[in-house]
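In this document, chain identifiers A, B, C and D correspond to the written order of the chains, with residue numbering beginning at 1 in each.
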Amino acid sequence: VAIKAAGAKLVTVYDVAESAAAEVASQYGAVAAASLDEAIGHPEVEGVVIATSTPTHVELTLRVVDAGKMALCEKPLAPTYAECVHCIEQLGDRVGKVFLAFNRRFDPGHRGVWDRIAEGQIGAIEQLTITCRDPHPPPLDYIPVSGGLFRDMMIHDLDMVRWFLAEEPVLLYAQGGCIIDPEIGRLGDIDSAMVTMRTASNRLAVIVNSRRAAFGFDQRVEAFGSEGMLISDNLPATGIKRFGGVGQSMALDRWRTFYLERYGDSYRNEIEAFVTCVEQSRDAPVTARDGLFASYLAEAATYSYANNVPVALNDRAEIDWT
Amino acid sequence: VAIKAAGAKLVTVYDVAESAAAEVASQYGAVAAASLDEAIGHPEVEGVVIATSTPTHVELTLRVVDAGKMALCEKPLAPTYAECVHCIEQLGDRVGKVFLAFNRRFDPGHRGVWDRIAEGQIGAIEQLTITCRDPHPPPLDYIPVSGGLFRDMMIHDLDMVRWFLAEEPVLLYAQGGCIIDPEIGRLGDIDSAMVTMRTASNRLAVIVNSRRAAFGFDQRVEAFGSEGMLISDNLPATGIKRFGGVGQSMALDRWRTFYLERYGDSYRNEIEAFVTCVEQSRDAPVTARDGLFASYLAEAATYSYANNVPVALNDRAEIDWT
Amino acid sequence: VAIKAAGAKLVTVYDVAESAAAEVASQYGAVAAASLDEAIGHPEVEGVVIATSTPTHVELTLRVVDAGKMALCEKPLAPTYAECVHCIEQLGDRVGKVFLAFNRRFDPGHRGVWDRIAEGQIGAIEQLTITCRDPHPPPLDYIPVSGGLFRDMMIHDLDMVRWFLAEEPVLLYAQGGCIIDPEIGRLGDIDSAMVTMRTASNRLAVIVNSRRAAFGFDQRVEAFGSEGMLISDNLPATGIKRFGGVGQSMALDRWRTFYLERYGDSYRNEIEAFVTCVEQSRDAPVTARDGLFASYLAEAATYSYANNVPVALNDRAEIDWT
Amino acid sequence: VAIKAAGAKLVTVYDVAESAAAEVASQYGAVAAASLDEAIGHPEVEGVVIATSTPTHVELTLRVVDAGKMALCEKPLAPTYAECVHCIEQLGDRVGKVFLAFNRRFDPGHRGVWDRIAEGQIGAIEQLTITCRDPHPPPLDYIPVSGGLFRDMMIHDLDMVRWFLAEEPVLLYAQGGCIIDPEIGRLGDIDSAMVTMRTASNRLAVIVNSRRAAFGFDQRVEAFGSEGMLISDNLPATGIKRFGGVGQSMALDRWRTFYLERYGDSYRNEIEAFVTCVEQSRDAPVTARDGLFASYLAEAATYSYANNVPVALNDRAEIDWT
C-alpha cells in the first residue's frame, strides 16, 4: 500500500514460505517469484525491500546491490559488528545503494526538528536529550535473541544522536539496570538505561531508555542550541481536552499506544524516500555506513555498561570489541 | 479508497460526464454505468453515495430509497427548506435510509467530546461554544450561489448544536457582518457571524463563524457542563515545539491548513459508518430529518440576521419562512 | 501592602466602624481619621481609595474630587444608570480624576493581550470571545441585592468589550436562563448568559457567563484579528504535568480557585497605576465615564434579556431605560 | 518581608557593614545589633538566617546552634567537603538544627511533583531527568572563585536527585565541556555538563546543565515511575497564547527570566518552613547532613569529570577525594 502511495509498483514477492508470498502478491496485483534470483533479477524490479530476519541482511543486501539494484534494508545491518564491517568492505563505493531503514529519521516530528536545526532556528546545537520509552517490554522469549537493549532498542537513538549532532561522538558511557521486570535480568539483559556522549566540540547527548511506559509511547527528542531549543514531543491522539472537577485541571487525550499509530507516518515517508532515490538514481540519505556506525555505538554502549568504563570512540570504526 | 478501507467494494460509477465515470471506475476496479437506473438498480449495489450538486440531491435520494437501497447524501439535503420538507414527506418512515453527510459528527475530536459527554464525564451540558473559522473565503463567484454564510458554512455548526445539546433549541438570534472583504458584502453576503441559541431547559449555545483565519483551520467545540468541560481543540500538525530567544517563549508546530489534512479522518469514519449501516440494515445515525432540522436552523438564522429579530423555534419545523 | 509596594504611603483610614479603621491604620503605620472630612482633607492625602458599598460611591467620589484629589472608586460607579449619569454631570471635565476599579484591565494576561493588539500583532480586531465563569455562585441572600447577573457579574466583561474592540458597540442582544440552581431563578435572577454585540464596523463580540465552574475560575479572553489571534487563557497553579496510566494521558496542575490567587496581580497593578496617576497628576486610564458606559451596557443587556429584543445602542448614552 | 509573612518577626540585624545593618533593621522595624554575639544571643531571637559568604558558614552555623538556636544556612554548607565533614562532626546529634537552604525543594512545581510521588501517583520511581539551564553565565570574574560548575550550579540538582530518588546513588559519572564561552574554559571551568547516577535498586538519574538558555530559565524535573510520569515544567509568565500567520501556529507567553520571578515563591515557602520548625522546635526538613551529601556528590562529579572515570559512591561519605 505504502509503495503504491509513493508512486511505485509492487512487481514481485519472494518468501521462503511460498504460500505467504503468493497471498501477498495477489493482494497487491504482483506475482510471486519462484526463487530469490528470479525476484531480484526481474527486469522490472529497480529496488528491493529486505524485510527478513537479521542474520540474512548482509547476504541479501549484497546480492541486490551486486545485481545493480538498490536495497531498503531493515535495521540492524547485521547481527554483529564484525559482519557490518564485512558488509561495508564488500560494498566499497556502493555503500549509498543500501538505504538503511532507520525509520525515525522519517518521523514528521523528529525530522521536523532536524530540518529546523538545519535552517538555523536554534543556532549551533549544544545538548541533545533523547527519551525513548516503549509501552511494554517485548515477550520474554525474545530477550535472549534480541542482542540486548543497546543493540535492539537503543540503536535507533544512537543513530539519531549522530544525525542530530552532525558530528561523531568521541566519548560514550552507559549506565543501566533491571528495575521493571527481574525476569529480564535473569535472562541476561537490562530494561532501563541512560547513555551519555560527547563530541570533539563538546556537544553533549543523553539517551534515556525504558522498556515500559504506563501511558503509552514516550518518544521525544529535545535539541538545545545557542539560540533556542526544539522539541519533538509526544502528540496526543486528538485535540480533546477535559476539564474535571476541582483539583483535576485539564487533561489531554490519551497518548498513542499502538506501534503503527505512533510511527505509521515514518514508514510511509521512508518508503517514499526510498522510491525517490530509486527513481532518481540517487544515493540513500541513510546508508549501510550509518548502519555500521550505529552498530558500532551499540557495541560501545554494551561494552561500557558491562565493564563500567567510559569508551573512547573514533570515527573510523577501527576498534576491536572482542 | 475509503470505501475499500471500510470493507465494502465499489461496484459501479455514474456521472453525466461519461469519461469521468469511466476513469474513476477503472481506477478502482469498478465499471461505469450507462445510466443512473443501471447504477442504482445494479443487483450488487446496496448503498449509493450521492456526491452531486445540491439541486439534484432530493430527486436522487428518493430514487435510491425507492429502489430499496440506502443513500449517503452530501449536505445540505436540498437548496431550500421547502424542498427539504418535500423530501421528508416523500420519505415518510424511510427517513433513516438516508445517511446525511454531516462529516463533523465523525471527526475524532468532535466525536470524542460527544462520546465523553454521553459517558457523563461533565455532568449535564449547560453551555456550548462552537468556533468555526476557515483558512480562506471561498472564491468570490461562489458567493452568490452559496445560499449565504448561514446555509453554506454555519449549517455544520447548527447541526452540531442539536447533536451536542441533545435538545432542540427554542430561540435563535443571529448577528453578523462583512469585515474581511467588502466584495463579499457587495455580493449580498456576510463573512463573519455569531449566533446564540437557547433550549427549553436553558442550555445555551453560541456559534462563532469567520470565513478567514490567518493561521489555518480554527475549528473548535467547547462543551461546558455541571461537572466539567470538554474541548475539541485544534491539533497541530506535529508535536514539534520551538523555544526561541528572550520574549519568544514556546511555539507549537503550524496548524492544519488543507481541508483533507484537517477533516480526512472524518470522511473515512463517515464512510465506515455508512457501510456498517448498509451491512447491518440499520438506520443512519444522522438522517434526512437531521438535514431538515439543520436547514430549518439555517433559515431561522438567515431570517434573524436579515430582520434583526430573535426567532422562536419549534421542534416540529412548522414555521413558514416565506 | 499593595499601596506600599506601589511607592505610596497609607496616610489615614476612615471607616464608619471606628475600631476597624483603628486596627487597619495601626497595622500599616497610619492613623485613623475621626471623620470623613478629616480623612479626605488630610494635607498629606493625594489620592483616596473608595471601597465602600455601592450606594455610597457617587457621593464619596464627588467629595474626593471636589477636594481636589483623585479617587479610586470600586465598581460599579453607582447602583443605577441614572445615578451614573448624575455623577458624570457633576464631574464635568473632572471625569478623569475618578479611576474606576475595573481590575481586569490590569490582569497581566488580559492586559498583555490588549497591549499586543495595540502593537498590531493580530492586525485589526474582528471578533472577541470572552468567557467568564466563577467557581461558585454567590450566597443566595446576595442575589436579590446584586442587581442581577448583567449588572453584578457581566459588567466586567462588558467593560472589556469596549476596551478590546476600541469601538463602541451599536447593537446588543442577551440570552440567558437559570440552569445551575433553580433557587436563583426563584429569587428573580439568572445564572447563565450569552450576550452578543456588534460595532459600526462589524466587529462582533460574545460574552459567555456562568455563575459556577466545577474546575475553578474560567476567565478567558480570545481576540481574533485579520492577521492572527490572541488568547488570555487560564493559567494553572504550577507547571506540574501528570502522565497517568493508559488512557489517562497528561493532566496539568489544578486551576486557580481562590479569588486573590486568580486576580491578586490585577489588584496590585491597579493600585500601582492609580499611584502613578496621582504622582504625575495624570487622568486615570479608566474613568468614571467608562463606569457609566459599562453600566449603560449592563442596563441594555438586562432590558434585552427581559424583553427578548435586540437593543440598538448609541455612544452618547441618551437612552432612557425606565 | 517574607519573614513577616511567615508569622515571625525580624528582631535584629547584624552585618559587618554597620550602616547596611542599620538600614535594613529600620526598614523592617528591627534594631541593628552591635555584635554577632549580641545578635545571636538576643533573648527574643529563636532562629537565625545566615546569608553570608560561603567561607563563614560553618563557624556561624556552629555558633548559632551552640547558642541553642536554629540556623537557616545558605547553600553550600562549606567551601570544601572536608569542612562539611568537620561541621557535621561538631554538630553531632544537632544536625537537624541546621536548615540548609536548598530552596528548590520549596519550589511549588518541584515540591508538588515530590508530594505526588509520595502519594503514590506514579508508583515506584525508576528514572529521573533534571534539566537546569540558567538564562546567562555568571560574570567571568566569578568563575575562578565559584568552585566550578558542579559545586556552584549543579549542587542544587544533586541535592534534588537524592531527594527525589529517596535512595542514595551508588555510582556517578560526569561528562561536560566548554561550548558556550571559551573564556570560561580558559578560567578552568566548564559551562555544560551531563551527569548520570544509579542507586542500588537501579533507579537512574541524569542531570543536564547549561550556563545559558536563550529563552530564559529552563528548570525542569521529570520523574518517571512504574505507573506514570510527573513533570515540573517551565511555566510561562502569563496564560497568553498568540496565533500568528500561516506556519506560525501558537506561541505561549515568554518564560521567566529574572531570578526572583522564577524562584520567589520557593524563597517564601522556605522561610515559612523554617519559621514553622522554630515555632514547633522541630528538626529541619533539609539539614546540614543533606548539605554534606550534596557537597559529596559535587566532589564526586568534579573528580569524575576531571579523571573521566565513573565514581563508586557510598552513603557514609567516607571517600577521600584528595
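Couple of notes before you dig in:
We take it that contacts are C-beta pairs under 8 Å (C-beta built on N, C-alpha and C of every residue); 3 or more make two chains touch, one makes a residue touch a chain.
Keep in mind the model is a prediction, meaning the values are calculated, not measured.
Distance from the centre of chain B peaks at D, each centre being the average of the chain's Cα atoms. Looking at A-C and C-D side by side, the one with more C-beta contacts is C-D.
Chain A and chain C have Cα centroids separated by 57 Å.
Computed centre separation for the pair chain C/chain D is 41 angstrom, with centres defined by C-alpha atoms. Those residues of chain D in touch with two or more other chains are numbered 122, 214-215, 218, 227-229, 236, 243-245, 248, 253. Chain contacts in this assembly form a complete graph, since each chain touches every other chain.
Listing the residues of chain D that touch chain B in their complex gives 135, 214-216, 218, 236, 243-255, 257. Interface of chain D with chain C (complex): residues 108-109, 112-113, 116, 121-122, 227-245, 248, 253. Those residues of chain D lying in contact with chain A across their complex are 122-123, 126-127, 129, 131, 133, 171, 173, 175-180, 192-194, 196-198, 201-206, 208, 210, 212-215, 218, 224-229, 308-310.
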